[in-house]
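Structures follow.
Same chain, two partners: subunit A is paired with subunit B first, then with subunit C.
== the complex of A and B ==
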């Protein structure tokens, strides 16, 4: 497994896409901090970029990479080694490469321009999103045989999480606003990993507003130590479940 | 000190017998009560040590001066000092042990129906009411440190409490852990300057039915609900700092039924709501800074003829919210960090109006749980669509002359500031973004563009030239 990890990582290090991702994030973050005089303001803009862009890139890149390395995977599969070792090594390498790129692209400018708790939470939730969507990407790539279909599904999933889910949730909220929806609001908002990551960041950057009546129920739950642990748990589940399924699929798959 | 001097001069010329100075040491040789009885008007009593004799009444014009160790302990019997004499001075004491009672308002220092009292440089420790002025005229409360005891609202009272006073000055005091830091009811023509109130359970400063007062250069932090001004007219609020007043019903500044006030040059930061305006008329809100608040401004539809000008709104979750569609107020010449317009004629004001009331603000107003969508892609798309084609947000809520840059405080006007040349240095970022190598020709070009900006003929093409300085593309011919 370590060997697979090593060679995949070396391959990824030569991949232009990963380098491009790191540079893109670096430029966006650096540009925002340079254009906005106020680092807090730049951080707010960066939150929106991270919450939309990071899942998309992690998802699409993982899917594309899995298809592109299919031949290499086939070659590995004929070697006397377990299939779980092959996939495990690849996934670890992918995660490591993406996290490294993110650390350079996002973590570095944050560290330089705004070393605050909010920035720390932003980079942590950004990293969590990378892991979640890389895991989902791997599952999609293994499930779908065709590359075009796989990318299509990935885009659809991204769209679902980033836009459709929020739209449906908001529609539900307004439709059912005459009913006591309070018990359902927090869990429903917490299920979507992007929403969850955003809430964790918001509790830092929009703290003043979250202390008000509107944000109180989110603040009371996710602002507590228990809530933070639950949030971390949910995000880990979002990584673990797709990965487990990916292993199951890969073990039985006819390469 | 000047008041004490005036007092001495006054006494001198009114022919009171020569002023004498008595010394009193707590716990030895008679009581302070006897000392006060013995003293004639105009005398000074210098007190050292701990005095604990229950309530001490001061009913004639004397000066009570404390030495460093001077403590007056009421022993929980009632008021500690009860002043009814005119021009009494109480300076440099530590006062503690007033009774806690909700039936009669017991205080560390109570001043009742008299004139020209000076209370200065005292420490009031865990009193029920600390300094209580009732029917006092021309009083001065200065440099006191007032520390209450954290507890429940039923068992707490106000730090500096004024009732039916006139021409009072409250200056450079510090009030913490009381119910209201400073409380004014039926107080007219008074000044509150340079005080710090923190960690008070209810309001840092509270006005009721008080007219023609001013509070300036005060610092209000982490109070239950900041400052409340209610049912008053002609209140001037200048250069105060309202910080970190957070909670479901917490405001930096709560205005209820205020007429003809002015709010100028204040800073509102980290509050859940910066200013809440409910049922107010003719308030001028100028040159304030609203930073990082949840709601910078909650303007209810029953506010009329309020004028907002020269304010800076930056980093707030919501800039303005309201509860109606009719906005009979004016809102011009403010700086909004959310403003996305342009300023082609370079007069410092944006060419298209800014609508500060976002669609999402209305959504949260209708359904508070929608707060969870703050800063999501979905909401920012909705907001953008609403700005292009306003349908739900009130038409009249807009700033026709939004500032392009935050106004600079003190002196130079914002329009002047904007006469600086365009900041071409930032273009470097675009070069970096589009991987355009910057050559020496560009410096020359930027200099030329700078010259051109100052001339009246400007066009959109020029903007394009500055942002994408490809020399030979068709859109650069302009």
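== the complex of A and C ==
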């Protein structure tokens, strides 16, 4: 697995898309900190960008990379090596390349302009989203035989998590506002990894108060150590479950 | 008859309701070159992929060197494979790719056969990125990868497609050398003229069924031809195969 990881990482380190991702994040982050006088406001704007852009890029890039390297994956699969080692090496390299690009593009500006706990949580949440959506991307690419279809499914999933889910949640909360729905708000927000990541950052900049009643509920739960552990566990599950399914699919897949 | 290096025992492969291979029963021996032929979608690639472990047969079993192939990938150490389409990581260089594959196959320096790199004119291009190579040069790299570990079993899918005549000849000479060293070579090709001098037996597949697996001499004598490229169409048209089907 380490051999596949090593050479895939060498390949990805010079990949234009990965370099472009690092540059884009760097430009966006630097631009926001330069435009906003208050680093906290810049951080808040950056949260919105990260929560939308990071899942999209991790998802689409993973799907496209997996399809584009299919013939080479076949060549690897005829070597005396287990398929789990091939997929493991490729996924680790993809995650490492995207995380490295993000560390440069997002981590560095945060470290320079806003070395706070909130910035650290944003960095960690962004990294978790990279892992979650790279894992989902791998599963999509392995399940769908056609590249166009795979990219379409990836975009639909991104759209669902970024927009549709929140819209449905908001609609439900307004519609059922006369009922005691608070016990359901936390688990429903926790299901969506992007919402979960956003809540964790918002709690650090103390914006939960501005999020009204649901913000208070989030703060009450996720603001505690236990809540943070639960959030980390949920995000870990969002990585582990797609990865396990991806290994299962890849082991049996006709290449 | 030499020992059976590869056997297919009632092998079938179904994709949905379509059988890509059906009841394939055959053996390929040490020291022979077998040419796999057949129309498009006849099952040639599925047969090769089943042997390589890229697809799992729906029924039957395949043995390599006496062992039934299963989840243990160790048997593939004996196999060199040259695919029809060569696609490599774009930003790696030829040198890095060769190093990677030697690393994966855990080849010692004395196990690596690098003279083909020189013969195919790749020595001066080892630092070139794979994304900058022409289709023909990628095929040369693919040939080197297949032959570099001195495999006992060599599987080549349209090996001369995209190669210049001289390189084609050199690659086929290497395939002959594998056979002469006691190896088993399976080749699919649409360019029969190029590989017919190499083949010892011909396997003909149609609609997933192995219609025949015959020595070249028998095919030539049964049709009165001197060339395989003439004999096979004649044989198929005249139904001269009825005695073996």
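A few points about this structure:
Simple rule for what comes next: the second predicted complex is superposed on the first by the 247 of 255 C-alpha atoms of A that agree within 3 Å, B and C clash if a C-alpha of one lies under 4 Å from a C-alpha of the other, contacts with A are read in each partner's own complex, and residues count from 1 in each chain.
Here, contacts are C-beta pairs under 8 Å (C-beta built on N, C-alpha and C of every residue); 3 or more make two chains touch, one makes a residue touch a chain.
Note that the coordinates shown come from a computational prediction; the quantities given were computed from them, not determined experimentally.
With subunit A as the common reference, subunit B sits beside subunit C without any clash. Comparing subunit B with subunit C, the partner in contact with more residues of subunit A is B.
In the superposition on chain A, contact is made by A:81 with subunit C only, not with subunit B. When the two complexes are overlaid on their common chain A, residue A:178 makes contact with neither subunit B nor subunit C. Touch criterion met: A:8 reaches subunit C, while subunit B stays clear of it. Rounded to the nearest 10, the superposed model shows the Cα centres of subunit B and subunit C diverging by 170 degrees about the centre of subunit A.
Contacts of A:218 after superposition: subunit B is touched, whereas subunit C is not reached. In the superposition on chain A, A:198 makes contact with subunit B only, while subunit C stays out of contact range. Put simply, the nearest alpha carbons of subunit B and subunit C end up 24 Å apart when the two models share chain A.
Interface residues of subunit A, counted against subunit C in their complex, comprise 3-4, 7-8, 10-11, 13-15, 69-72, 74-83, 252, 254-255.
Subunit C meets subunit A in the complex at residues 15, 49, 52-56, 71, 73-77, 79, 81, 83, 85-92, 96, 100-101, 103-105, 145. Subunit A contributes residues 27, 30-31, 34-35, 38, 40-41, 44, 47-48, 51-52, 162-163, 166-167, 169-170, 173-174, 177, 181-182, 185, 189, 194-195, 198-199, 202, 205-218 to its touches with subunit B in the complex.
Those residues of subunit B that touch subunit A in the complex are listed here as 246-250, 270-273, 292-295, 314-315, 317-318, 337, 363-364, 366-381, 426, 429, 432-433.
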